[in-house]
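Just below sit the structures, each encoded as structure tokens.
Shared between the two complexes below is chain A, which pairs with chain B and chain C, respectively.
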Partner chain A sequence: MIRFLFKGLLRDRNRSLLPVLVVTVGVALTVLAHCYITGILRDSIEFTARYSSGHVKIMTRAYAENSDQVPNDLALLGVDELISNVQDDFPDMEFVQRINFGGLLDSPDKYGETKKQGIVSGIAVDLISENTKETERLNLAGALRKGRFPEKPDEVLLSDEFAEKLEVNPGDPVTLISSTMYGGMAVQNFVLAGTIEFGVEFMDRSGMIADITGIQNALDMQDACGEILGFLDNPRYNDEMAMQVEQTFNNKYADPDDQFSPVMSRLKNESLLSGFFEMVDMFSGIIIFVFILAMSIVLWNSGLIGGLRRYGEIGLRLAIGEEKGHIYRSMIGEAVLIGIVGSTIGTLIGLGFSYWLQEAGLDIGGIMKNSKMMMPSVFRANITPPAYYLGFIPGLFSVVLGTMLAGIGIYRRKTASLFKELET
Partner chain B sequence: MKNSEIVKISGLVKKFPMAGGFFTALDKIDLTFGEGEFAGFVGPSGSGKTTMLNIIGSLDTPSEGNAIVLDNDINQLSSHKAALLRRKHLGFIFQTYNLLPVYTVFENVEFPLLLLRMSASQRKKAVLDALEWVGLSDKVKSRPAQLSGGECQRVAIARAMVKKPLLVLADEPTANLDSDNSHHILKTMEKLNKDLLTTFIFATHDDKVIRYLRRKISLRDGKVTADEIVKN
Partner chain C sequence: MKRFALIIFFIPAFIRAQEPTGKEILERIDKNMAYKSAITTSKMVIHGSRQTRTIEAKTWGIGDEKAFTEYLAPAREKGTKMLKLEDQLWIYSPGSDRTIQISGHMLRQSLMGSDLSYEDMMDNNEMIEDYHATVIGSEVFEERDCWIVELQAKTAEVNYQIRKIWVDKIRYIPLKEELFAKSGKLLKRMELSNITKIDNRWFPKKMIFKDMLKRGDGTEFIIESIQFNVNIPEYIFSKASLKK
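Up next is the complex of A and B:
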């Protein structure tokens, strides 16, 4: 019987090919969407890591507690020694200094009087030392709009928009007015080397990038910095490894009683990001749900149409003495088969596309006029283990659900009217 | 089983609910059919012929009285038992053949046997025999779409006969056929009735069919108005 029905299934394309196609397309899209979202998540994580949090971050305990206020008076001291120590502890990692700072930026006219002024929020990174990877890490090359990169500690980059507001061009002087690490007033002249586009409104309004030694001089932070970011060997964030590093470091260096002892926290602890991780799970859930719903409706309908077309067959099967339950179960069996075949093909296609998106990436840099520092211009998918089985959930579920809904008609069918039905 | 009595109907009433009461489709019917009969319900449209076949075929149940088919009381049959009765002992022939388009002639005829736990070789022999009875041995591999109406109905007869049922119920089997084909079909059934002693019960108002019947039961408004042995 099963072989007989299977033969019919294969021969009747409306019953086999069509639903398999629907499932295949739906599953492929589900898998692709999932990989795409995890890809965006991964990019965002990488981006956050490069830009502000590192894979791990070292701060003083007090700085960490108030880190949203950028409290440079609580900065780490003896940074060179600390870095060389942790570099020994974790030789595969790279550690870099960062200082976040704020204040006023003043553009003087030719008489030295204030021409324009604005609130600035800046990041100091190692722009100048010979082997620095920071320019690459921050995607500065692509984001440069005017001028060139800083070559000396007193040269800085400003956001293009901010520079325009201050009416300064590359080569012009700017004055940073801020406070030193010890609470005194800091006034320091810099030269604008070039302008960049951050691609994030807040930073484009007031962003500045300066060399770390320049800012250390300006803010009286010799051998001090707000944060040390640590990067694992692989650009992909690996939470397990980060956690190990975090524990080892904190066991060795952190002193719970000392406000100024260094503590390390890993990327996943960043409050913003941990929410992000959950959001992605939720999104995947929503995608799967939507696909189950949409595909179920499509398949229910095609099941109904199929059911109508098979009305004669089902009537005949009842007449020759097959039981309703048996007919119903055999239809569910067909659905499971279609679901498995469609899901398998769909998963393969979805993974294929995702793999291509993962390796080659979808480069929207060509569509956008210029790449921006804080906006990834290449969207990449990311294939994670769930992608291998995820598609089977909507794939199987929707055909079976669709068939079950359509199949209710079998139970409603009265044998009493078989002669009549089969005669008209 | 009482050897000669295949169907025994006594005091049978069938009512259908209607707006404001009931419609009586069959009214106090008493009938028996013996083994090997070639009988038919004859009457105008709406007289209750199909309703009668439905009850005998365990597709419907009486409102009053009872119908005993092959020792099964139709009133007391569970849907499972009714399915078993149809599966083993009853064959149905419909006005519109109801062949399954995706299957070959051979497969269409084989279909009822799949529920009967027969080996493949037994099935093959039975199907080829049945196709020989109806004269379609050369169309084994054809699809229904490639056959004429008469050939389709012959396939349907082969499908009803292939398990050698004790009783075949045929509702207007010639309604879609021209007279040549109708005669051919009826001759085939007449021959099967004689060779295999299968009991045939028809429902029809077609004169061509009526001429072949050996027992003619006239129905009018749900009542038997005549029950005559036409020939022997």
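Up next is the complex of A and C:
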């Protein structure tokens, strides 16, 4: 029976070509949309990992409990030894020091008095050591607007907007007023090396990137840092692997009775991100549901049109004595075949485009008026296991459902009026 | 019997007549706490999360308009100077050789990591100017009979919109203060002790501040010496003094 129906579909292209094409296009779009949306959301998570949370993050217990306040008075001490130890424990990972800091940034006039000043929100990373990957990790090369990267500990990068507000250019001095990790007043002069565009509004308003050594000197944090970020070998976050690292580390180093003992938390457990993963899944699910629903309506409609288009053929088959149930079942069988063939071709095409977008990415830099920023301008698709079967939902079910609805009309046809219909 | 009933009737009114109003209490407090000029040597003991730091300073002040502070210890803070002229504040840091004006939100930041803010340090206004006062009860605090007075700010510019103070009924000096935001959230708590008679006024020589939004065990502000109503040369309150 299946072979018979399949032959019928192959030989009568009027019956099969259009429905298969519609299903193929619909399914390919569904698969591509799913992969692209998932890719964009995953890219956002990766950006967060590279910028602030790492795949895993080590902090003191007290710092972790108050991490939204960036409490450098609760920072990790003896970090060189700690990093050396964890590097031995997890040789495939990379661990880097970070300090988040805030305060006031002041630009002096020619008499050394305040010309302009503003609240600063800064991040200290290893910018100048020989083998640092932080510049690349933060996409600083793509974000540089004026000047150059810092080459000395007392050189800093400012957001372009903030530098304009402070009326400073590369080479000008700026003074950071903040608190040392012991609560004392920290006043330190820096030189502006260059300006960058973060691509994140609040960072563009008041952002600063400094070398970790310069900030450690300024905030009296020698051999100390707020956070140690750990990055897995694979740039894509793997929660299972991160969880294993987290458990191994906490079993070895964390002491529940010491508020200054180091604790590790993985990206998924970060306070700001804990809900984000669920939100990503939910949001992705909603977008895909809406898309599938729209595609289903299109494909369902195609099934309905198919049924109506074959009005005459069905009449003839009824007239020569074929049972109504048999016609109905054979039409559904054909719809299943069309759905499977269209969904398979559509899934393959969708996966093909998605693979290309995953590897090459879509560069939206051109749309953004040539602006350079830390936010990635190339968005990539991400092929996940659901992409292999997701297209079959609209592809198969909606064609079958459309045909089933259209086919109900078969039972309403009256044999007595069939010949009259055929005469016309 | 009639006479007895009359006495009973008038006793509460008599007691009420003896009870000072909130305004009178504030006037008496200001007589003790406010001054035309003063030179103070003080010690600030900051109990942080990790360690306790002691900062020593000398301050020259004229009313609530002018103040000049030089930090004497520890080594990292030594030579740092602050100049307050009305509502403006400048800080000189010898390490960076910069004079920096502190303004806006930064004035609410912690002073040297203590539980006091720059605004707290700058605030020397007479309370009667800034607040409406109501006596809401009395209580024994640290074995002293106290009025409990609630202060409501007269304007939105005042640092703390609501204050609750426990005022010694005899010496008219606050022994405890709770400082609230407009929302009613408790921001800071102060305890004043070591009340000493200096030049015919009662004055607390030790104050413990606790910023309720900050970690740590509070800050002790200890006055080691204070001279009231002394002549202070005007040049001290100039930006040129900061770099000297």
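In the analysis below, the second predicted complex is superposed on the first by the 363 of 424 C-alpha atoms of A that agree within 3 Å, B and C clash if a C-alpha of one lies under 4 Å from a C-alpha of the other, contacts with A are read in each partner's own complex, and residues count from 1 in each chain.
To be clear about the criterion, a contact is a pair of C-beta atoms (placed from the backbone, for glycine too) under 8 Å apart; a residue touches a chain by one contact, two chains touch by 3 or more.
Every value quoted in this text rests on a predicted model; they were computed, and no experiment measured them.
By the touch criterion stated above, A:D73 is placed in contact with chain C alone, chain B being left untouched. Of the two partner chains, chain B is the only one touched by A:I320; chain C is not.
No residue of chain A touches both chain B in one complex and chain C in the other. Residues 50, 53-54, 57-60, 79-80, 82-88, 90, 92, 94-96, 98, 100, 102-103, 107, 110-112, 114-115, 171-172, 175 of chain B touch chain A in their complex. The touching residues of chain A, counted against chain C in their complex, run 62, 66, 71, 73-74, 104, 106, 108, 112-114, 117, 119, 175, 177, 179-180, 182-185, 187-189, 220, 260. By the touch rule above, chain A contacts chain B in their complex via residues 1, 4, 7-8, 11-12, 312-313, 315-316, 318-324, 415-416, 418-420, 422-424.
Put simply, chain C touches chain A in their complex at residues 46, 48-51, 53, 76-77, 80, 91, 93, 95-103, 105-106, 109-110, 112-114, 215-216, 239.
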